[in-house]
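Since the structure comes first, as C-alpha cells, the remarks are kept for the end.
Lettered A, B, C, D, E and F in written order, each chain numbered from 1.
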Amino acid sequence: MGLNEFILGLTNLEKINRAPGFFKFTEHTVAAHSYRVASIAQVLGDIEEVNGIDVDWKMLYEKALNHDYTERFIGDIKTPVKYASRELRGMLQTVEEKMTDEFINQEIPREFQEIYRRRLFEGKDDSLEGEILAVADKVDLLYESFEEIVKNNPEPVYKEMFVESVQTIKAYSHRPSVSYFFKEIFPELLKVDFYGKADFLEVIDQVLAE
Amino acid sequence: MGLNEFILGLTNLEKINRAPGFFKFTEHTVAAHSYRVASIAQVLGDIEEVNGIDVDWKMLYEKALNHDYTERFIGDIKTPVKYASRELRGMLQTVEEKMTDEFINQEIPREFQEIYRRRLFEGKDDSLEGEILAVADKVDLLYESFEEIVKNNPEPVYKEMFVESVQTIKAYSHRPSVSYFFKEIFPELLKVDFYGKADFLEVIDQVLAE
Amino acid sequence: MGLNEFILGLTNLEKINRAPGFFKFTEHTVAAHSYRVASIAQVLGDIEEVNGIDVDWKMLYEKALNHDYTERFIGDIKTPVKYASRELRGMLQTVEEKMTDEFINQEIPREFQEIYRRRLFEGKDDSLEGEILAVADKVDLLYESFEEIVKNNPEPVYKEMFVESVQTIKAYSHRPSVSYFFKEIFPELLKVDFYGKADFLEVIDQVLAE
Amino acid sequence: MGLNEFILGLTNLEKINRAPGFFKFTEHTVAAHSYRVASIAQVLGDIEEVNGIDVDWKMLYEKALNHDYTERFIGDIKTPVKYASRELRGMLQTVEEKMTDEFINQEIPREFQEIYRRRLFEGKDDSLEGEILAVADKVDLLYESFEEIVKNNPEPVYKEMFVESVQTIKAYSHRPSVSYFFKEIFPELLKVDFYGKADFLEVIDQVLAE
Amino acid sequence: MGLNEFILGLTNLEKINRAPGFFKFTEHTVAAHSYRVASIAQVLGDIEEVNGIDVDWKMLYEKALNHDYTERFIGDIKTPVKYASRELRGMLQTVEEKMTDEFINQEIPREFQEIYRRRLFEGKDDSLEGEILAVADKVDLLYESFEEIVKNNPEPVYKEMFVESVQTIKAYSHRPSVSYFFKEIFPELLKVDFYGKADFLEVIDQVLAE
Amino acid sequence: MGLNEFILGLTNLEKINRAPGFFKFTEHTVAAHSYRVASIAQVLGDIEEVNGIDVDWKMLYEKALNHDYTERFIGDIKTPVKYASRELRGMLQTVEEKMTDEFINQEIPREFQEIYRRRLFEGKDDSLEGEILAVADKVDLLYESFEEIVKNNPEPVYKEMFVESVQTIKAYSHRPSVSYFFKEIFPELLKVDFYGKADFLEVIDQVLAE
C-alpha cells in the first residue's frame, strides 16, 4: 500500500482509449485527453482572470487533471453505450464509484486519503472551477469531433457530438471565457476548408442562434 | 491569430512520440508524458505539504503541464541524439527556442503573450516548484524504463536510463518528497519479479549508497 | 428493426479487444476468440463422438459461436476488473443482460426473438454442450496465455491464467475429450522450448496431480 | 502428431489478413471473417427454417466455420491477385490443396482424418448448406465493402465488390433467405447517409432489376 | 569501429518516418522512400539513355540510394517544420552535417571514409545524375501526395505538395526523362477517379501552362 | 500502358510484409528490405574494389534493388511456407514468373521490355554481382534475425535463420568481401549483450569451424 499504485494507474490511462470505437482518424487515450482538458482549462482560466474574475488555480488544475482518472477501473464505457437506459448508466456509475472507493482504501496511505477522495469524486460541481472544467471537457470533444469532420468522416455521430458540445458550452455563456471562446477562438477553428462546410455552418449558426 | 493554434498544438503532442525509437513495449506520446509528469508532481507536492512545506500549486501545475509543449516544433529529438556534442545539442535548443518565440509572436494574442513566455520558457528553475518538476520528470522516466526492464527488454539503455533517473532524483534528496519516494514508493515498485532482478537490485543499491 | 443490426454487431466484435490490456504479444478480438472457441469445441465434440457420446452439434456450434456476442454492449470488462467485489461483478453482469434484453426487443424481429434469447442468454449450462463450451473457452485461454509465456512475457498473470485454465479443464475430467486433451494434445503443446520451462513444468505437474 | 497443430493454426488465422491491401478503414483477419460468415449463415439458416425448409445445422455450421481454414497455408492471395489468368489461379488452388493434404497426413490422427478431409475440402457444394455458405460469404463481403463506401473510400474496387456481391447473392434468389435478405435486411443497411449515395443507389437498383 | 554501425543505421531508417505527421493513409519510412527514389531514378535513367544521353549509373544509383541516410541522426524534421525561418532551417542542416561528419570519423574505417564523405554529403548537385535525383525525389513526393488526394484526404497540404512537386519537376524540363514523364506517365496516373477531380485538374493544367 | 504501373508497384512493396508472421519485434516490408540489401551490396562492393576486384556497379545496384520486385504479385509467401514440398515451391515460383511475364507484356512500353525482363528475372546468377547479391540478401536476414535474438525472442526459428545465413555466406568465402565481413563486421555485431549469449556463440563458432 502506497502511492506506487496511483502512479502505475497513470500508465494504464495511457493505454485506455477514450470512447473506444468512436474516433477513426485519431484515437485518443484517456491520458492524452486529460492533458488536453487541463491545458484548455488553463486557457479558459487565463481569460477569466483577464476579465477580472478570481480563479482558484489549484482547484482548476486539480479538477481538470484528475477528472477521468477513475476510468482506469472500467474504461471509458459510459460514452459509447447504446441500448442503455438512464438506470443502466447509473449502475455503471455506481460500479465505478465503488471501485474508486475500494482503490482509495486499499492503495492510498491514510494521510492522503481525504485529498484523493476530493480529487477522484468531485469534478464538475457548480463552483467557478467546476464550470470551467465542464466547458473545457466539451471544448476538447468539439476539437476531437471537428477533426473527424474535417477529414471527411461521414458518420453523423461527429456532427451530433459537435452540436452537442456547442450547446453545452453555450449553456455557460455567462462565463467571460465562453464569450471569448465563441468570439475569438471558434471562428478561427472554422476557417479551414472541408466537404459540406456550407451545410455544416448553417446548422451551427442555427444552434448558436437558438 | 488567437488561441486556436495553441489548442491545435495539444493535438499535435498527442501524435509526437517521446524519445522516438527508444521504448519498445509501450510507446509514449508527449501529451501522455505531460499528463503523467503533472500527476506525479501533484503526488510529490502533497508530500511536501504534509511535511510542512508551502507549495505554490499554481506554479507547480503550470510548470509540469507545459514543460514539453515546445516539442511540438521539432519533436523530441534531443533525448535520442547520438554523435552529438554539447555544442550541437545547444544548437537544437536554440532552434526550438527561436521557433517558440516566433510562435508566441504570431499566434498568441498580445494580452496573453507574457503568460505564455513564462509557461513555455521557464521550467526547471531552482524554485521549489522547479525542483519538484525536475524530480517528477525523472520519476516518470524511471517508471517508463522500469516497464521495459520488467518486460525483459534486454537493451542496456533502459538500465542506464533507470540508473540515471535514480541518480538525478537522489541529487534532490534534501526534498522531503524525495526521501518519501525512496522510502515508501520505490520499494513497492521494485517488488515485482523479473529476470535478472538480483543483479539489477545490486546495481541500484550501489547507486543509492554512493 | 430487423437483422441488419445483429450483423453490424459482428463487425463491432472485430474491433473489441478481449481482456483489454492483458495480452502483449498478440492481442485478441472477441470475434477471433469466438471463432477459435467454436473450432476448439468442434475438436472436442469429435473426440466425444469417437468415444461413443452423442453430441447435439447444432447446440454445440450455436453455444460456442454466440457465447460472447453480448460483449458488444460493454466490451470485455469483466475479466480484467481489479478492485471489484463479487457484488460489483454481478452489477456489470446485470447491466450487460439488461442491454441484451433491450437489444433483442428493439432490433430482432418478433419471429426470431425466442431464438436469440436462447442464443444470447444460455451458454455454459450443465448440458453436455454447455460443458464442452466451458472447456473450449478455457482451452483457448490456455493457448493464449501459453503464447505469452513462450515469448518470455514475464508478467505472472499468464502463469496464473494458464494454471487456472488447467484447473478448470481438469474439473471436467469425466469428459472423454478432456482425458484425450491431457493425454494427446497438451503434451504436444508443451514440447516447445522457452526460458524457465523446467520450473513451469514442475508447477503444472503439481496442478495436474492435485 | 495430434490435434495441437490444428489448434495452433486457428491462432495463425488470427494474424492472416483477408484480401491483404484491399480494406483500408477496417482490416479483416481470416479468423474474424470466419466468425462472421458462420454467424451470418446462422441468420440465413433461421430464415430458411421459418420458411419450412429443413436445415442440416451441423453441416451448415461446419462448412461456414472451416471454409477458409486452408488459408493458413498460403494466406488469402487468391482474391487480390492481378495479372493472373484462370490457369494461374488454378495452380495456386492446387498448391493450397496439396498442402492441405500434406497437413492432414502429417498432423491429424488417423481416426479423425476423414472428418478433416470433409471439412477442409468440401465447402460451397450444391447442397442447401453449401448454397447458404456461398450466400453468407458474399453477404459478409457486401458488409465489408459497404463499410469502406460509407466511409468515403473512393477506390472503385469497393463498388465493384459490392455490385459483384449483390449479383452473386441474387443468383440464389430461389432461397427464401435471399428473398428475405433483399426485402428486410438490405434496405435497412442502405438507410445510412454517405457521399454519392444517390448515384450508388441507382447502380444498385439497376443490378437488382437485371 | 567498422561498417557494422553503417548497416545498423539502415535498420534505423526502417523505423524513422518520413515527414512525420504529414501522411495519413500511408505512412512512409525513410528506408522505403529511399528504395522508391532509387527505383524511380532508374526509370528516369532508362529514358535518358533511350534518348541517347550517357548515364553514369554507378553515380545515379549511389546518389539516390544514400540521399537521405543522414536522416538517421535527427530524423526527417526539416520538411514539416513550421515557424522556422531560413536561418533556423540552416541551423538544423548544420547540426545534421556535423553529426554526419562525427559519424564518419567514429564509425567508418579510414580506407572507406572518403567514399562515405562523397555518399553522405553530395547529392543533388548539378551533374546529370544530381538532376535525375532531384526529379526522382519530387516524383516520389508527387505519388505520395496524390495517394492522399485520391483517398479524399481534404487537408490542403497535399495539393500544395503535389503542385510544388509538379513545379520543381517542370524546372528540369530540358531533361528528356521529364518530357517523357509529363507526356506518358503523368496522364496515366491522373486517370483514376476521385472527388473534386475537375477542380484539381484545372489547377494542374494552369501550373503546367505557366 | 506505361511506366506508371511500375512506379505504383513500388508503393505496393511498401505495404507487403517480408516473411509475414515471422518477425515479431520489427516487421519488415519488401521495400525496406530491398533498400537495405542494395546498401549492404554497396558495402560489399566497396570491399571487393579495395581488394582489387572490378565491380560492375550498374549491374550490382540493379540486381540488388530489383531482386524482390516480383513479390508484389503474390507477396512473400515462399519463405514461410510449411508443409510444402520442393514441387509445390516450384509451382509457386512458376505462378510468380508467369505473372511477371504478363505484367511486362501489359504494362511496360515495348522499348523497355527487354531491360525489365533482365531486371525482374535475373538475379542471383553466378556473376560476381550475382554472388554479392546472394551474400547481401543473407547478411540482411542475419541482421534481421539477430535483432530478434538480442531482444529475447525465444522462438528457435531465429537461431535457425541466423545459422543458415552464416552457412550460406560462408559458402562464398572465396570472396574478399566475405572474409572481411567475418573478420571485421561480424565480431562487432556480436559484441552486444543478450540472454543465452554464451550458448549462442558456441553454436556459431562451431558453424564457422565446419
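Please note the rule applied: a residue touches a chain if its C-beta (ideal position, glycine included) is under 8 Å from a C-beta of that chain, and two chains touch if they have at least 3 such contacts.
These numbers were taken from a predicted model, which means no experiment stands behind them.
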Chains shared as neighbours by subunit B and subunit F? C, E
Which chain has its C-alpha centre farthest away from the C-alpha centre of subunit B? D
Among E-F, A-C or B-C, which chain pair copies the contacts of B-F, with over half of them the same by residue number? B-C
Averaging only over C-alpha atoms, locate the centres of subunit C and subunit D and give their separation in whole Å. 24
Report the inter-centroid distance (CA atoms only) between subunit B and subunit E in whole Å. 36
In whole angstrom, the CA-centroid distance of subunit C from subunit F equals 42
Provide the list of subunit A residues touching at least two other chains, using ranges where the numbers run on. 15, 152, 195
Give the pairs of chains that touch; include all such pairs. A-B, A-C, A-D, A-E, B-C, B-E, B-F, C-D, C-F, D-E, D-F, E-F
Within their complex, subunit E touches subunit D through residues 25, 150-152, 193-195
Residue set of subunit D touching subunit C in the complex reads 2-8, 10-11, 13-15, 26, 28-29, 31-32, 34-36, 38-40, 42-43, 46, 50, 57-58, 61-62, 65-66, 109, 111-112, 115, 139, 143, 147, 184-185, 188-189
Touching subunit A in the complex, subunit C uses residues 12, 15-16, 20-21, 73-75, 77, 81-85, 88, 91-92, 94-95, 98-99, 102-103, 106
Touch list for subunit F against partner subunit C, complex: 24, 152-156, 195
